[in-house]
Each structure stands twice: as structure tokens, then as C-alpha cells.
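All remarks here apply to the structure that follows.
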Amino acid sequence: MTVRIAVIGAGLMGADHAKIVAEDLPGAALQVVCDMDGARARKVADTHGAADAASDAEAVVARADVDAVIVASPDFTHAPLSLACIRAGKRVLCEKPLSQSPAECRQVMEAEEAAGARFVQLGFMRRYDQAYVEMREALAGGKLGRALMMHNFHRNVATPAADFTGAMAITNSAPHEFDVVRHVLGTEYATISAWQPKRSDAVVAPVVMVLETVAGQVVTVEINNNAAYGYDVRAELVGEQASIAMNQVAYTRIDRDLRQATGYDADWRSRYAEAYRRQNRAFLHFIETGAYPALAASSWDGYCAAVVAEAGVRALNEGRRVPVEMIARPELYA
Amino acid sequence: MTVRIAVIGAGLMGADHAKIVAEDLPGAALQVVCDMDGARARKVADTHGAADAASDAEAVVARADVDAVIVASPDFTHAPLSLACIRAGKRVLCEKPLSQSPAECRQVMEAEEAAGARFVQLGFMRRYDQAYVEMREALAGGKLGRALMMHNFHRNVATPAADFTGAMAITNSAPHEFDVVRHVLGTEYATISAWQPKRSDAVVAPVVMVLETVAGQVVTVEINNNAAYGYDVRAELVGEQASIAMNQVAYTRIDRDLRQATGYDADWRSRYAEAYRRQNRAFLHFIETGAYPALAASSWDGYCAAVVAEAGVRALNEGRRVPVEMIARPELYA
Amino acid sequence: MTVRIAVIGAGLMGADHAKIVAEDLPGAALQVVCDMDGARARKVADTHGAADAASDAEAVVARADVDAVIVASPDFTHAPLSLACIRAGKRVLCEKPLSQSPAECRQVMEAEEAAGARFVQLGFMRRYDQAYVEMREALAGGKLGRALMMHNFHRNVATPAADFTGAMAITNSAPHEFDVVRHVLGTEYATISAWQPKRSDAVVAPVVMVLETVAGQVVTVEINNNAAYGYDVRAELVGEQASIAMNQVAYTRIDRDLRQATGYDADWRSRYAEAYRRQNRAFLHFIETGAYPALAASSWDGYCAAVVAEAGVRALNEGRRVPVEMIARPELYA
Amino acid sequence: MTVRIAVIGAGLMGADHAKIVAEDLPGAALQVVCDMDGARARKVADTHGAADAASDAEAVVARADVDAVIVASPDFTHAPLSLACIRAGKRVLCEKPLSQSPAECRQVMEAEEAAGARFVQLGFMRRYDQAYVEMREALAGGKLGRALMMHNFHRNVATPAADFTGAMAITNSAPHEFDVVRHVLGTEYATISAWQPKRSDAVVAPVVMVLETVAGQVVTVEINNNAAYGYDVRAELVGEQASIAMNQVAYTRIDRDLRQATGYDADWRSRYAEAYRRQNRAFLHFIETGAYPALAASSWDGYCAAVVAEAGVRALNEGRRVPVEMIARPELYA
């Protein structure tokens, strides 16, 4: 039985998802590509051999020939479309963030609780990245001793938009770090603090954050959206007995001009290509079996990321340590 | 139109191919798994959802519901089954070697020439490995200047069988190096020399080879089938202006017990998993379009590997520089 | 004219200094080794061929056959002995800290100001370490753009004493980081914050600090005195255009047991052996020429380290961002 | 008792030796700098505070105020000056090669045998390089199992002179490799073979050599005097159980322009600065104690290097495997 998937959003991320469904998910068919810009939807649909193109997202969710949905449309549509999927009884792989509003995230959780099941898989694809998988396994395997600290660095060549702000570094970029660290450490945050160095030019400066976890760990996060030199994500998990760190993966190195050099990617796409593939295969398996994927991020995880980001913005603005205050974890997400 | 593929041979390699067809080749179906041991065929067929299992390879090649064939049965069957595929007008992805006998390789080439087309794609999957792809691109892009030397190291934890010999290191393991170096450098070999250090134990010692190419390059190859420490393949291409070398790819490193360490694989399978996937996708594209894949190794490449290996064995036995004597490259393989 | 040097303190550090004077400072003679424990002084004196041994430090400072002094006795003696040297008009290389009390550091500065010259070179030897030298040069050379952040990690296998505390991590270990970061960045600190994760055992947990500089940079410092895995110091300086990071220096790597590994030192001594040598040669040059060494840390730098450490302890105890409040830099240290 | 050392030769190497004697050998004095070009001798003498300058090397060797000699004059003077030192009963640190003529090396050995003692320490300073020290220790410590192979790569940015030849790569550059490999493996060579790839330009092409040892190991050596990209020496020692390889030592790395890069030196001087220092200190200790240094290369080692190089040139010219034929090791060098 082929699973018919609709991809909503035909921008960069949507096109990537359409490609994965078309080329990397045997057992799935790319049924519809939908975008408010119908021409854009049509183009991506044709490129990847989708059966159909459309421009009304809510209608696509409701279609009888759509078994499941991938949401890659603009951020503000994520929660409403996820809610529509839940109402339609269809599983949805929703790009992050679920919402920047904790309240809106709670609405999604409440809808799932009312339905008595999880429908939403959230696109925190880093959980499927081999490096984080190995870090989590090393911790679980006892090789490190108890986790004490985790240091995280996220660097982009440049912000996409000129009006990007430090607050957006916290709400748009940092949630990947917030989520994957929670996932690796298996705990929640207690407090967050934030700083921003001064740049000499007009682009947004990095943000440095320190978080404490409920379990007593200390986590540092640097979000540097204008790092200039390359796309670079690093992490180190420090345990009581040992430490595990992410390598820069490069297949070759070149000796030339008095230097030995390896290359950086210009953006995140090739770095996480395999993680997206694994994540989307887990989603297909979720659709086929109904069993929620072991590694996947849920609505609850989306809520947690939103709460932490909100506290982080306050910490940056007020120059102080801000508590991270969350509701109790609902039974459904235990 | 789904392409129906038969996998012949249900050992380690055959099972891997069956898995790739079943899970990583959208557009392809695993139609039959065939093995002289019918129970083994059935088991692999069931594991990967094949439509059928069989034990008569020649019959499978001839089946009307089989569009193309992957040959992963014992080495001596490779050429006969490739010939059967050519006769049946079906494309075949044949595991290396095509044959250890140059004469038998020539029979396959002659069959293709008679048929007026290439049917055989040979499983020198290293050509699809990202590191070699980057080496070839660096050379083509002029970053290195003209190629002068290539150094190659192939190390296994241990030989599978106790009766493995130095000659087998040359005929069974080294062809991967022979082929990928020819492929990267874009030239043929002129001479080969070989040495074997003495081990203190009963297992087969490494073989060190030096080859000269027609274009005047010098190539070194170490085949160390009992390296003990891990599965490790290295290569460096030295140009007149710069050098490019393969990195050991590891996603994480661990600091523990006064050491910083990264892991080696115990065998080749995870190292080349992506190369196999790419190779088999290229094969599917070949079946679908009829266009011979740009990177693929052909019968001609299988012949070249066999000739070099044969000369290498002579060089080792006679302790001297042996010329590599090949027929002219037939038009079909230009 | 041979320079006659007295080494005060014959413990681990004192013995190392005696060795350097005896073996690595052509033009200098090891005149006296002094220790409250006269037998210990005698032993080090004999080992390194000193002319004499003694147990009264103040008397040694005053001796006519002593041209200059290296102070490596217990911390509380550093400032008093430095003052004695100033009074005697003799240059002194004083191990860090000058004093943990900013007030006492000011007394030393005032004595130098009264004498109209700098006599004290403080043993922040990291400034002479090749990695920091390269970081400073890269910054000065404009390769990085303006400095934005500096990340620092200091890890020991284990604390020497069982009664080591988090406050001591800040006052005893962190000053090396405080000083070298100020030195590399060329600025002072404005605020400091501190955290401590919880360990499951009785040993002291790491301390994580975030400092802001007057120039608007953000600095992170991890002091992990029970890191277990090895002696490991790391630093990364992130600029607006590029980043420079310290490598783990190891001359060889070993492939064995499915791992590629390089070694960590068990303590700081071999890691900084060359920095000590360079520092002490700079001291000899200072004695010989009277010109204060370009890279050296002065009493002012000792004062700055003490002020920051004091603020860091308050930040840890009070769980808040604490301002770093220093006197204006005296003319003598401009 | 200060040891008075004469340095003969005031070129690049001689000036470096004069500097080491003046600055890094406490207990030694730079007594004379001698060069056929008296003005050059005077300049180096003045730079490093030598007591005297001279232009007649034989006379310098005979001077009563010279206790020992360092020979860094042109290659053809090495053996004659070493003989003069032996006659004068003075220890000599002679730069490599002792002589390119095995017969002349034998004359030096015979002079030492007649005198009943070793006087010559040969400047194969690589034996003091930390990486080779660690390789030798790993082998001796049993970590690797029995040695099977050693791979060696020597790369220069460019040959100093336009008339450099492949034969000179073997006679002038390769002896460092020949010697240090013998030293690490503790055995002699049995055969040598050599190849040279073709370059597209006028500069000398690399030479690739394969040597067999008497103990049954296989050694590869690449000498690439026009490698363009940097000064780079690599070595790997492969044992039956494990492998140890030399790291590229760099204190820092820079992330910039989509690359992570570490630097190469432009020449050998900083790479081996510490090895030269250790070697010369061993020479001083030899002078002071009369005990021949454990790691040092002797006249015998100079003879061995000359014999292997001579055979290597024949192997290159004749395109065949050439036996390395040496006299039996005299008792004095046991």
C-alpha cells in the first residue's frame, strides 16, 4: 500500500521534502505539492513528479487521496495546519517551530490529547544526525559517566535577511540547539541567561547563552548567524569521566599554498541531508505502523523549545538569569 | 514503470544488494532473490519482501518478469552470468571481479561488442565514494596541477579465510585500488612491481606494489589484509602544485583515559554504504534510460583490473618489474 | 657577566625553575635555592648544581651575590617577597598569583610606582605559549576581523587536594584564563557570571563563567579541575570574519583496537615546558637590559586577575552578573 | 669547566649551529666561527658573540683553545675535517653526509678504529625528533607488534638549485630517511628500487623508492623536492598489531573563507629546531663525559647511508632492484 503524502510549502525546505519523498521514501508517493503561490507549487510538483499541485493548504489536508502531510510553509501556518491534520486524523511532519507561542503549542497538544494520540512529528531533524546519535549512545552506554555540561556552537555564513535581530537568533536558530540538547541529556531547562557581543558593522551579532537544567547540568550555546567563515555546527558533551565531541566531517583535505585545508559548507543542506532522510523515513514508518518514532520530537518538544526561547529573549533584554517555567508534561508525551 | 530486479547470490553482498533494491531504489522492485542454496535465497527474499525466490541463476536471467540483474554470486559465476544477461538483452550490475582471467573478460567484451552495446556495469563501487569523487574533481578542476603520484593503502582487520595468500591479496583485494586509481588518474598502467614483508605469524603478510602509468605517474599500493587495528582505506593524490588526501571520516571523537580517539569500522560495509547506494541508483538509471552511467566501471575496466592483477602476481613471484600488456581499447569502451 | 639568580621555593614549581635556570639560561647561574624546609632546598640545589642552599627567603633576597629572584614559594609569600625584591632593587619573576587580594596587589604596584620602575614579572607563562602567540598575531594581523568572542576550556585530570572548592577553581585555576584572554584581546573585563553543574561524587564540579569586556566582547571560561580524561587546555578566538583555535598538539597518533588515538598529558608540565623556557629567558633579558619584556605580565596584570577572580567568586555565590570594578591603570603600566 | 666549541662553516647551517652553541648550550662557549670566506665567519662570530673568527679550518681544529668542533662546511670537506678532528683527538659533530663515497666513510671509520674510540657524531638530527622518538618507543614497548612496513614522505617547497637531479634527491635528501628508518627499525637494508614520475615542467621530479630490510620489512620512501605546497615530512610505522604515524604539528588552526586550515612551514628549520637543540646537547654531553650518545648517528651510520644512496642511484638508472652491499659492522660500532 503506497502512502500518499502532501507537501505544503514549495520554498527551499518544501522542495527538499518533495525531493526526499519522491526519491528516498520507497513506499511513499508524492501526491500533492501545495503553495499559496500556485505556480511555485506546480514547478516543484513537476520537478519531482507529484500527482497534483494545489494552493489551498486546508483543502489539501482534507483530501481523501492524501494520507499524511508534511508542513514546510511559513512559520505562522505550522500550528494551524498541524491542528487541521489532527482534526483530519492525519499524521503530519511539521517543520520547526511548531509555534513561537507556547500558548499556541499548547493548543496543538490539547488537540492531540483530545484525540487520544500523537499526530505531530516535529522537524527537529538534528536528533537523527549521526553525531548526536553517537553522543546519546555514548552517554547511555556509560562511557562518559554522568553528564555535566554540553557546549554548543551554531554558525552560519550570514543571516538571510538584513532585519534579523539577536532576539531572532534565539527564537529562530537556537531552538535546534535547545531541542537537541534536551534530547541528548534527557532533561528540561531550569534557567537561561544571554549576552550579545558588539559588532563593528550593521549585521546581527552572535548571542551566547548559558542554561541550567533541572538535573543540574550547565549548557552553553553560541548562535553566530554572521560567522562569515562557513556553516559550522559543533557540540561537546562533557561527562564526569570522559567527553564526546562532534567532528567536522570532510571526506578530503587539500595541501596547497603552505596550508592543509578542509572545506566548510556554505549552508546547512548537505550537512543535514542524511538526517532529513532518516527523519522522513521515520515519519513514513510512523504513518505505516502508527507507532510514534523513538527519536522524533513531538508537540511537547515544540512547546518546550518555545518556552525556552521566550525566556531567552527576556534574559537577553533584561540582562539577567530567567527561570524557564513550563507546565507539567502531559501523560500523552511521557 | 517499476523496474523488476533479480539479485543472484544471497550471501553477505547479495543480501546487501537485496536490501538496497528494496529500501533505497524507488522505482525498482526486488523481483527475485536467487541462490544455489534455495533456503538461503528464500530467507533473503522474505527479509526484503521479494516477489519470489529461486535457485537456478540462468533461468532467473531468462525470466520475463525480470528486467535487470544484480550478480553477487561466487566469483567464478560472474562472467558466465554476465554473458547470459547480455544474451538475454538485460543490463547487469556484476560484483567485482568480472573474472580473474583476462581471456574470460575479453569474452564478455566481445559479447557486448557483438550486441553493439554495453550491458555490464561492474561493481567497483569506490568510484562512487565521495572521497574519490572529490579527488577526481580536484584534479579535473586544476587545483593540483598535473598528477604525479598516487599513494593507496587498503587495510582489513583480518583475512576471512586461513588459506588466503599474497597472490590473493593482489587478485582479490587490490583490484579495487587498481580500478579506482585508473579511474581517478584517467590512464592505464605500464608496469607493476611487488614486495611482501615477512610476518612472524601464520597469517598472510601485506603486499606493497609500485605501478607506473602510461602517462608517467608512479602509484603505490599497500594491501594489508591482516592489519588488525581496523578497516582503513587511505589514498593521496599528489600533483605538481598540491596534494589531496582522503580523511578518516568519523562523526565524533571521545576524550577518555588520557587519549582522544575516533573509531574505525570493523569491516567495509558502513564505510561504503553510501557508495553502494549511489552505484545502484546509477544502475537503475542505466536500466531506465539506457545511458551508460558516467562513473561506472565497464567490462573493459574489469579486463584491465584482471590484466594488472595477473602481472602483479608475476611481479611478486619473480621479484621484478613486470610490464602490463593489454589489448587496445575497443571502440565500444572509448 | 653572569646573572646570579636565586630560586625561592623548592617544591614542584621551584624545582622546575631551578632546572630551567641551570640548563636553559646561558648567561645565568643558579646561585641559591631557598626553601623553609632547608633539606628540600639543599636537595634541589644539589640536583641542579646551585652554588648554595638556604632557608630564609628575606635574607636571600638581600644577599649581595644574588642579582635577581624567582619566587615559587607558597602563594601567601608572593606579594611580601616581591615587595622585598623591590626594596632591594632586584628584578623578580614571581609565580602567579601575585596575591588573591587586590589590595595587596596594589601595595606591590605602589612600591613599584614609588621606585619609579617595574621590578615584578608575573608568571602568567601562557602568554609565551605558541598557540596564544599565534592567536594574538592573527588578531593583530587583521586576519580575523574584530574580536567578538573567546571560548576557553581548562581541564585537569583531578584536583590535587580533596578540599578544593568551586571558589578555588575561580581563584586558583581561572586566573591563567583571565590573564591570557585579557592579553590576547587587549582589553579589560566589565562583568562576570558563574555557574556550577552538580556532580554525583564528592569531588569539586566544574565552573562555567561568562565575562563581558569593556570593548564589548563575550568570553566563556570552563574550569574543570576533575575532568578525568587528561590535561587539556583549549581556546578559540572568534572574530567577525574568521576564527582561530588552539590545536591539541601531539607528535604521533596510534591506530590500534579499532581506534585512532592521540595522547593527552597527565599534567601541565610538558604542555607548557616551552612557554616556561621562553618566559624565563625573557626574564633574563629583562635583568640584563632593564627593558620590561613585551609579553610579560606585570603587577597590574596580577591586580586585574585578582579583581576578576574576586568578582567571579561573588558571581558564583550570589547567582548573578557581577561588575568587575578596577582602579584606573597607573601610568607606570601604560 | 666551559667547553670551547668551534663551528666550521658560516652558511645557513653553520649560523644555526653557532646560535645553538651561543644560546642553548649552557656549559659551552662559542670559541671560533670559521669559514673560507673570512668576512662571513666574522659576521656570524659577531652575531653570536664568538671569541674569534677564522678562515683556515684545519688550523682551527688544531687550536689549543678549541675543545670540540661542529662541521657545517660544504659536503666535500666533511670527511677530511672529521679525520683532522680524530687526529687531534677532538670530538666532532659533523653535518650529514659524512661523505657520499662509502670508501671515504670507511677511512673515517678506520681512523676511529685505529684511535680505539668514536669521535664523530653525525648530524642525522631526525633521530632526536620527538615523533621518531615516540615511534621507536612504541615499537620497543611492544604496542605495535613486530614492524612490517614503514612509509616515508619528504617534501620540500622547491629545490634550492636549478641543476638538482633525481640522483641528488637520492644522495642529498633521502639519506635522512634512510638513516632514521634504519634507526627506528634497528636493521639494515637488503635491496633498493627506485622510480621517478614525469613532470610537465623543468624542475626535478619526485623519486619513489622501495627498500627491503635484512629483517624482512618493506620500506617506501618518497622524496619530493618540488612539492610546492610546503615543507612536509611524514612517516608511518606499520606493525603486525597496530600502526603509529607522525602528526602534522600546528599550534593553531584558522576557520576562514569556507575552509579550516593549518599552516605548513616553508622550510625545515622550525620543524627540526628542537631536534637540533637536543642533538647538540647530546654532543655537549658526549664531549663532557666521553660517553657516546645513545641516539646519535656514528661514522658507521654515515657509511650505511652512503652505501644505500649509491645503490639507490643505480636502481633508478637501471630500473631494477639493486642489492645493498655493506661490509660487516666493525666491533667499534656494535
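Labels for the chains are A, B, C and D, by order of writing; each one numbers its residues from 1.
Basically, contacts are C-beta pairs under 8 Å (C-beta built on N, C-alpha and C of every residue); 3 or more make two chains touch, one makes a residue touch a chain.
It should be emphasised that the depicted structure is a prediction, and the values quoted were computed from it without experimental measurement.
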Of C-D and A-C, pair with higher C-beta contact tally: A-C
Farthest chain (mean CA position) relative to chain B: C
Centroid spacing, where centroids are CA-atom means, of chain A and chain C in whole angstrom: 43
Approximate Å spacing (C-alpha centroids) for the pair chain C, chain D: 38
For chain C, residues contacting two or more additional chains: 228-229, 241-243, 255-257, 262
Chain contact graph, described as a line, ring, star, complete graph or other shape: complete
Chain D partner contacts - residues on chain A that touch it in the complex: 157, 228-230, 232, 248, 255-266
Residues of chain B touching chain D in the complex: 145-146, 148-149, 151, 193, 195-201, 205-206, 208, 210, 212, 215-218, 220, 222, 224, 226-229, 238, 240-243, 319-321
Contacting residues of chain B [partner chain A, same complex]: 22-26, 130-131, 134-135, 138, 143-144, 241-247, 249-257, 262
